[in-house]
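Here the structure is laid out as structure tokens; the discussion comes afterwards.
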Amino acid sequence: MTSSFTTAIGAGPSGYSLPLSPSGGSAALTPPPWHFAGEVIMVDYRVDPAVAAAFLPPELDAGTDPGAAAAVFAQWQWCSASGAELAVPDRCRFGEFLILLGCSHRGRPLARCPYAWVDQPVPMLRGWVQGMPKQLGVIHQTMPVRVGEAGPRLGAPGGFTGTASVHGQRIVTATVNVSGPIAEPPPLHTVPLVHTRMFPAWLPGEQPLSQLVTSKVTGVEFTEIWAGQASLEIFDGIDADLGRLRPVEVGRGYVFGYAETLCHGEPLEPGGNQ
Amino acid sequence: MTSSFTTAIGAGPSGYSLPLSPSGGSAALTPPPWHFAGEVIMVDYRVDPAVAAAFLPPELDAGTDPGAAAAVFAQWQWCSASGAELAVPDRCRFGEFLILLGCSHRGRPLARCPYAWVDQPVPMLRGWVQGMPKQLGVIHQTMPVRVGEAGPRLGAPGGFTGTASVHGQRIVTATVNVSGPIAEPPPLHTVPLVHTRMFPAWLPGEQPLSQLVTSKVTGVEFTEIWAGQASLEIFDGIDADLGRLRPVEVGRGYVFGYAETLCHGEPLEPGGNQ
Amino acid sequence: MTSSFTTAIGAGPSGYSLPLSPSGGSAALTPPPWHFAGEVIMVDYRVDPAVAAAFLPPELDAGTDPGAAAAVFAQWQWCSASGAELAVPDRCRFGEFLILLGCSHRGRPLARCPYAWVDQPVPMLRGWVQGMPKQLGVIHQTMPVRVGEAGPRLGAPGGFTGTASVHGQRIVTATVNVSGPIAEPPPLHTVPLVHTRMFPAWLPGEQPLSQLVTSKVTGVEFTEIWAGQASLEIFDGIDADLGRLRPVEVGRGYVFGYAETLCHGEPLEPGGNQ
Amino acid sequence: MTSSFTTAIGAGPSGYSLPLSPSGGSAALTPPPWHFAGEVIMVDYRVDPAVAAAFLPPELDAGTDPGAAAAVFAQWQWCSASGAELAVPDRCRFGEFLILLGCSHRGRPLARCPYAWVDQPVPMLRGWVQGMPKQLGVIHQTMPVRVGEAGPRLGAPGGFTGTASVHGQRIVTATVNVSGPIAEPPPLHTVPLVHTRMFPAWLPGEQPLSQLVTSKVTGVEFTEIWAGQASLEIFDGIDADLGRLRPVEVGRGYVFGYAETLCHGEPLEPGGNQ
């Protein structure tokens, strides 16, 4: 596969990412685009607007609805353009939990992801390339079933729970009891994400790379979206800053399938901000 | 919940299984019945009939189709009668890979499970109570998707792969390319399983408990069953005996959803064989 | 290796435990004896004596020091008589956390283990054969170092922490700051353990196997034992009964190496209690 | 703790790495220096010199001993300057397997690490900051014991094995039978590592950051080093390029304790190569 993202470094070993190798085939990450399809449990909630503001870089503001937030669980399947990972299920599946904060840039509505956890290393590293602050955690979700009594049925009322833990401590529990389908996706799931691409300093006197970017996404597709009452707890055991994003109010919950193709990044301010 | 399986041992701590505790609530296992619903990838295949025979206890024979075998992957969701586990997704989901051998007892068609692996400890221990030889492994499956390009669509032609590994070594890879629905479930998925309930000797001179049992199952439900061409590799890296169950011929593959409720065991020979 | 524990079941597949196979080599468990060597962090503490009593079966009493308890972390290496597992480090190492309660049987001092967790499936299953209620958890310990600054030095004052988590929730944190060596091992580490060997009921009307046993141990060896101040927290997030064993008083802490060979079980009351 | 590596980005959230947060305390990585102490199993071996050359960037050459290589397993404990991680053993321990290739830069002897795997996410991410191509794997080592029969004794002849697996497949097995202490450390463990710090391209038209660096290390300390015969297998199941680094000759094996403090990076060519 030819990609503008495949890196050739002189005559030496190559790859889109480390590890570099003679054929380029050892790279931990394949170059974009990457296709994703997942089953999502999502809860709208509100945080203290002053806390949300403290998580935003100076280039962003709180937008028209300060304190709007969401907790999102997903069980994903992914593949590169070639689809090769689908034949290696050890590689193509992962779980994710992330928090979204509503924000805006010069009037453009966006979402900021202050925290994200995944349960596989490749999506974690891929997150860092994009500026998405993914760490490794343990993520679990109740899934819909097609037959039998061991779970809520697909496309029917029922209860779903998501949990995430880090370093042996629970960080979040969310429940959604869906009662019927709705027409529109949750608002924070429809605006672009804005990330800080960051590469930490390592050489004496060096400044870290730090750059605000959004992501170019295509092929967005939703299944029918079911909605209903929700509950949400966020715990501060491992991180006091995370605990400050606990809900001051919990809104509606959603369960749905979602797909997208992630193509590349875009500078938030064209021509600038490096 | 009252169950004939809840154990009260005199005035002391109680539970259906270890650990025993004052309320009985610490038991690793809840008493049956247990509900299961899962997404299955299955491959019919044939082993050397002499090898299959060497895996059967003397009370069983090879039946009408010696060498008939199947490799079965499943991603399960389960709960006790109360459904409580569905609200704790850390507990209600597991993956499984198992091998089935066709056999019979006095003309009654049965299936023998010589090997099974799951990725959670509770189903592993529950297996030993039933006589199912479950060990801990790492199980992965390609899953159908409802939207997008990151996988085969639910209810459509496409390719699925299952893998399992133990102690850091691959033991099996199976692929199924489904081309259309069929009317009947795979034969080895419709006969009762016959297990050896076994509790190893620990006291000097003791004989192990060893007892042939089948399982009482209700609520069996299949989704539409898709079938097509399959491939299957079984590796002997960790266990030479396992390697002897490698395919001499690979048959049809299947992808489907399946549910059942597991109620209790039944002695293979009523009134006997203890 | 010949062992009185190797099981031959007629002409069929064999093994000390499930899975049974033609050569007997697939068994999850090797027959005893098993050698163990580990690095231990231990904290003496006291529980409410009424709670301790509620964890004892009627055949046992609280002994001369009701409420005496200990929390024990260990990083183990183990092997069968052949030593074969030492060449497969995926198999020969595991971490453990357990609680001990002082008790007695007709004046004989013993220890009861109401809860134990290990991080590998083979020690878990082996525990059930002995009647030790081992479940799967995540166990971590600070280890002594031989060089450098990344930890307390072996055989020197310093701080050690043990943690255990189950289903993504912390169940215990213990810290020990050792200040010097002592002459005698911790009392609860020197008395025999008394377990309830239990095999749950599965057939209608069946009574579970339930049998009080102690263990025959040889080759006990301690390194120098360092002791000092300790702290201990036990959490009830996953299990209210476990939470009742939280400390009402915390005593001394210990850090040491320990080895033993576990040979077989012994009925608590010879000729009886089956 | 004040560190020149702590990042303050304007008035917004801060941290040495992602995730950025109001206090800076959520960062996945603490700033250097980092202290390490570990137990090492190492095997000297030789690869095809033409293969080794294909893994070197054009700025480096094969040096005076083309084809010199080593396989290194380590069980590490680490902490930041504050030592805080030692009280959270969930965070301070990890296992590692890496390969080293001898090389040189303008006559200066160096070692190149083409592949490395660790079993915890923080050391993996920290590797990428330094240019060390760490991926997530499963690493196991036989450990020396202080008492008993379940392993080789510390400071005595005996056998040690290291294994690593990735995506459920074994990538390496190494064994060392140490027979006595030696005076000098293994040569490839005494030269600086030279890494390619790389941050993949994400914006259209962007070139990846790619920069050759060495690491500034202090506080190097070895225990007594035991040496003896060794064996080594490297498998190509998951990666054909990795398989090309299999041994054409296996040399001596070593077992020892090692400590260092990792301070910061240094450009390979001062003032250049960005």
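Labels A, B, C and D are assigned to the chains in the order they are written; within every chain, residues are numbered from 1.
By definition in this document, a contact is a pair of C-beta atoms (placed from the backbone, for glycine too) under 8 Å apart; a residue touches a chain by one contact, two chains touch by 3 or more.
Note that the structure is predicted; figures quoted are calculated from it, not measured.
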* Asked: Farthest from chain C in C-alpha centre terms, which chain would that be?
  -> A
* Proportion of interface numbers common to chain B and chain D (over half same, under half different) -> same
* To do: Return the distance between the CA-based centres of chain A and chain D, expressed in whole Å.
  => 30
* Can you give the whole-Å distance between the Cα centres of chain B and chain D? -> 41
* Asked: If you average the CA atoms of chain A and of chain B, how many Å lie between those two points?
  -> 35
* Structure fact -> Among all residues of chain C, those touching at least two other chains are 88, 90, 138, 140, 163, 165, 168
* Asked: For chain C, which residues are in contact with chain D within the complex?
  -> 35-37, 39, 76-79, 83, 86-90, 92-93, 138, 140-143, 145-152, 159, 161-163, 165, 175, 219, 221-223, 257-261
* Structure fact -> In their shared complex, chain B is touched by residues of chain C numbered 4-5, 7, 9-13, 16-23, 25-26, 28-29, 31-32, 51, 54-58, 88, 90-91, 114-116, 121, 124-125, 128-133, 135-136, 167-168, 196-205, 208-210, 213, 239-242, 244, 264-267
* Could you pull out which chain D residues touch chain B in their complex? => 138, 140, 163-165, 168-170, 237
